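Some structures are shown below for you to check.
Common to both upcoming complexes is chain A, partnered first by chain B, then by chain C.
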Partner chain A sequence: MKEEGKERLRSRSLAHLMPLIAPVHILILSVIVIPSIYVIWLSVTQSSFGKAPSFVGLENYIRVLTDPAFHRALWNTVGIVVVAVHLELAIGLLLALLFASGLPLRRYLLVAVLAPYAVSEVTAVVMWRFLFDPDAGPITQMLQSLHLPILDWSYEPTHAMILIAMLTIWLHLPFTFIILYAARLAIPLDLYEAARIDGATPLQAFRRVTLPLLGPAIVVALLFRYIFAFRIFSEVWLLTNGGPARTTEVVAVYLYQEAFSYNAFGTAAATAWIMVVVSLLLAVGYILLLGKQVNANAH
Partner chain B sequence: MKDRSAFTFTRRGFLGTTVGGAAALAAGPTWAAGKTLNVLSHKVHQTVLGADADDLMAAWKSANDADISFTTFDSNPLQDRLFREASLTETDYGVGYIIDNRPTSEIASLFEPLNDLTVSDPIEDFDDIAHGLVQGMTVDGNLIGIPVRHATQGLFYNEALLEEAGISAPPTTLEELVEQCNKLTFTSKSGTPVTGMILASDLALFPVMFARAFGGDFITKDFQLVPDPAAMEKGLDVLRAMFESGALPRSYATTKNDDQVTWLQQGRAAFTVLPFARYAQLNNPEQSNFPGKIKAIAFPGSATLAADKPMASIVEAWAMVIPKNAKDKALAWAYIKEVSSKRVTLGMALNGNGPVRVSSYSDPALISKNPLAEVEAMVLANARGAFPPFPEAARAQATMLEEVQLAVIGRKSVKDAVASIIERVTPMMPA
Partner chain C sequence: MRIKRLIIGSGKAVAVAALLLWSLLPIAFIVMSSFKPGREIFAVPPHYIFTPTLDHFTTLWTRWGVFFDGLVNSTIITAGATALAVIASTAAGYAYSRNSSRFLDSSVLFLIVVRLIPPIVVTLPLFPIVNALQVNDTHVVLMVLYATFFVSLGTVLMRTFIDQIPRELDEAAQIDGAGRWTILRRVIVPLAAPGILAVAVFVVVFSWNEFLFAFIFTATKAKTAPLVISEMIGSIDGVDWGVLFAASTLQLAPVLLFVIFMNRYLVAGMTAGATKG
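Right, the complex of A and B next:
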């Protein structure tokens, strides 16, 4: 009976089968392919409100790539991505190992670690802005009372970048943590038992058992976080607005300004495509590593 | 054995539900008014029209069997959405609110010219509406918007803090203002650290006001860029000196417009520059620690400013426009006529709106409710926009602000910053 069904399916022409998968194609076409093509077209035209688009070739790309403000925004973004994502991974890994080793009140602590993911970005930024207010923030006042240096983020660009990195790590740590924690729990306990019998120290067990088996999860977490972190916007926009004097601007803020403050849709679209290419370049190493792991598992 | 699930959803059923649902939605709710006018505005434009028993538009709604549905945004997102809606083939929005420094020729082409309507179906005593504001909404000979609100900037001060510091009267010159700001950078009796002045760093109007205090400007109405660089340098020198002395807070570079209101209400700052219409909010007992103690005067010019050249404050005006692609332009015009009437203009003024009609300022009700009406009318007489509209105006403003921030917080010399403003903004100027 089953064989007959399969045979009938095979004998159907592609035209008959197409409607079955058409909804997926329509969805991908309408939400990814067509908008992407539209943005490519926008990026080679000059247009604004009330002004018909005119073809300008690669002029928008040249304009963006030669703009010193874009260079600064790009370096700020790369800096935040590299520092924040790797620090977040290290903290996430530490927490995952700590939780897996058995903590008292684990359920409550788990809720505490995951809570930032339930907080909206806008609320989180407003909260942090209040806590670190350079004049009246509770954390600033506490640091001052302890005669410790404060984060002078409204004046010093480096301090502002540190605060942005801390905020983005706090906001996204649950994502990295939960991936690594789930992967760590999936490692069979008998492997650790075997390692212990073979005389492995805890550090050796971590290096020879935990780390290799967490490898795929680490790569997935890094890959996603690289791509997400490259789009960082609300933390910067709501905290510093890119200031003082555009020194903390990131690429997404640059794009927003071009599109929604200056209504320069051509340069905004070109910036968007440059963002895609740069984030792919940043993540390419991890993509190759992921590909190798997938192939290795397949064999 | 039945091989069908208890819950079956057939193709016929699915199509029937879809068509039925669409028809029900298309028919629309039967309990609403006959017509709905969709309006794109700032929240303040809706608030000043009142609500419920105090709804200034209640009679109009009843006479036109229409309801008004507001969609509100902050200023910049509002302008973006309005222009986006007006760029579509058709829009559901009949009326939008536009700021006077936005309508370039391209933007103006998205909106209905109103010249003919003001003749065929005139607004009550149209000549009573300030001519300068009407001119600001006339682009390439077409009147595209009817002025509805102006926000004229004044100097607000906390009288209680001035008294505490032994200052008997607010400043009459910019030099006195700086001196008082320095004196008022102290810790008040209540233990609150007070800063002399609070200004947002992301709005061009503040550096422009300081430049104008010395007779300078950013971009004039006839598109002269920094016509007097020395005056601009003097204005920025004052801001920089205030920052260095602590009379401007260290968080100056990230201070926003809302911070100005809260700092003044909480007694954390002694002076600020805000529209006169903020008077009620600043003295609201539910929000302010100093109700009745926050007062306003005209922003003073420098003592060096020539007597025949009065200090020109900054005024920002809003107007109502009808997108060319709007569905029901007749209803939109009826709304604009009503909102522009003498009765509604005065009603909105009593609710805190900057009235665009000259006659409103002489109304006894407004004079008794708004103690700033007289000074506001006087300031308005010499006030003008921060800069005129042109395609790259937003980019020019951002460039100027970047250089001003660098100069004020001491990362660049004032002279270099002014030179950079001229160098960087020149290519953005209209040909």
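Right, the complex of A and C next:
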């Protein structure tokens, strides 16, 4: 019946549907797609405000890829993506299992886990800056009174990156947790029942039932978070401004500095396209997986 | 057996306590400190019992009046962006749900891919264009930008939700002589309300909190609340923390309450958004 309906509608002209889908596509084309394509042109030209651009080929890309500041920014970004996203996934997974094991007041605890989702990057930076203020922050004070090392994030680039990673995990854990928890709840109870009857220990049940069935959700959460962590800007900009001496820059901050501080739109555009390509490569993985899931659902 | 249960129970209790500390402590600290008398903010150990004061809020009002303009701007921009994104996504989601063709299917894929392009990329060409059109520092620019970065997710979500509404209802309305727009308004919108709310939660939270676009495209007139707070952080050596906490509390409270209130729709949206595209 459903297929028949679709068949009938398929013959209708596309023009008929245009008024419905046009607003979305006009917005996306004019704000995202055409500007992004224009960035390709910017990336192969040399220009700054008010000057006519001239074609320079791949020069901007070479300049970016050989710039030590870009290398630093890239490594910082990769560091955040690798460390923060995987830690976040591990914590999210543990939380999902904790919730699935049965907790009193689960509804309220779920809301507590979601709370950071509502917090803006700006306010989150205010919070964590205060807690870890090198002189007077409550957590710094606590660490000092326990004779533990403190985070001297305004001078030590590594410490700053640790604080940024924590901030990122804090802001995005709700998303990762929800994806994994929803997938965990979708696993049929009979499977655990069967595993128990077969004499499986809880650990074996986790390895043989939970983990394989959570696989797709884990990969989806990971890819999403790779893509979104790769574009990190506000947390870094608001916490350190990329300093001291450009040591804590990430790729998006590097891009911003090139464009809006140094007026080098060509290299900024080249950086932008490097970001797009990396994001799209990760996206290909996601879409292939999505296709596989759709097929699996259809069977 | 009883001992084992006791161990598991206390292990869980510790985990839940750690979770609550991690999630809520930073929020609680900010909100609490905004009501603390100035000298007590950095007291060691922190004072949990104190005489609350509104001093920081009155100082904020007198010294940073621009912050309240920021709240007004944020409200206008959030409302506009949400309306635009919800209307556009619902219409497109309806079309995608009820029709199928090779062109439509590949354009859904296109929507998914577009969502993964980093927003900072488009600031490069849009910055000079926005200036040339003389729409920089206006509410409309941010409304359009915020809505656009959510219409792709919004459309896919709405398609998923509208798929669950039986087609027979559309057909019955059609037989009664209703046109497409009437069906959309009278049949689809009321039944797809949970989906509309899920899309709205995403756009509201994003628009209210967004920093990058506000930072690049506004200067004075359309400055949003997060941007004003970032300027207060910038002058941190001179600013007293209490005022910064008061501003952060005012920026945070409405959206936090909104998320708490709407948590069901947020969860539904996140789940459908990640697995359906």
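Assorted remarks:
Here is the rule we go by: the second predicted complex is superposed on the first by the 246 of 299 C-alpha atoms of A that agree within 3 Å, B and C clash if a C-alpha of one lies under 4 Å from a C-alpha of the other, contacts with A are read in each partner's own complex, and residues count from 1 in each chain.
Note that in this section contacts are C-beta pairs under 8 Å (C-beta built on N, C-alpha and C of every residue); 3 or more make two chains touch, one makes a residue touch a chain.
Bear in mind that the values here come from a model prediction, so they are computed numbers and not experimental data.
By the touch criterion defined above, A:Tyr262 lies against chain B but remains apart from chain C after alignment on the C-alpha atoms of chain A. Of the two partner chains placed around the shared chain by superposition, chain B is the only one that A:Arg246 touches, whereas chain C remains out of contact. Contact with chain C, but none with chain B, is seen for A:Arg231 once the two complexes are overlaid on the shared chain.
In the superposition on chain A, contact is made by A:Pro134 with chain B only, not with chain C.
Between chain B and chain C, it is C that contacts the larger number of residues in chain A. Of the two partner chains placed around the shared chain by superposition, chain B is the only one that A:Asp152 touches, whereas chain C remains out of contact.
Counting contacts by the rule stated earlier, residues 49, 136, 260 of chain A appear in both its interface with chain B and its interface with chain C.
Chain A contributes residues 2, 5-6, 9-10, 12, 14, 17, 19-21, 23-25, 27-28, 31-33, 35-36, 38-39, 42, 49, 94-95, 98, 101, 103, 109-131, 136, 138, 141, 145, 170, 173, 175, 178-179, 182, 217, 220-221, 224, 227, 230-231, 233-234, 238, 252, 255-256, 259-260, 265, 268-269, 272-273, 275-276, 279-280, 282-283, 286-287, 290, 293 to its touches with chain C in the complex.
Of all residues in chain C, only 12, 15-16, 19-20, 22-24, 26-27, 29-30, 33, 42, 44-46, 87-89, 91-92, 94-96, 98-101, 103-104, 107, 109, 111-114, 116-129, 144-145, 147-149, 151-152, 154-155, 167, 171, 180, 184, 205, 208-212, 216, 226-227, 229-230, 233, 241, 244-245, 248, 251-252, 255-256, 258-260, 263, 266-267, 270-271, 274-275, 277 touch chain A in the complex they form.
Across the complex, chain B is touched by residues 48-51, 133-136, 152-155, 239-241, 243-246, 257, 260-264 of chain A. Listed in rising order, the residues of chain B touching chain A in the complex are 76-77, 80, 83-84, 86-87, 104-110, 193, 201-202, 249-256, 268, 391-392, 394-395, 398, 402-403, 405-406, 409, 411.
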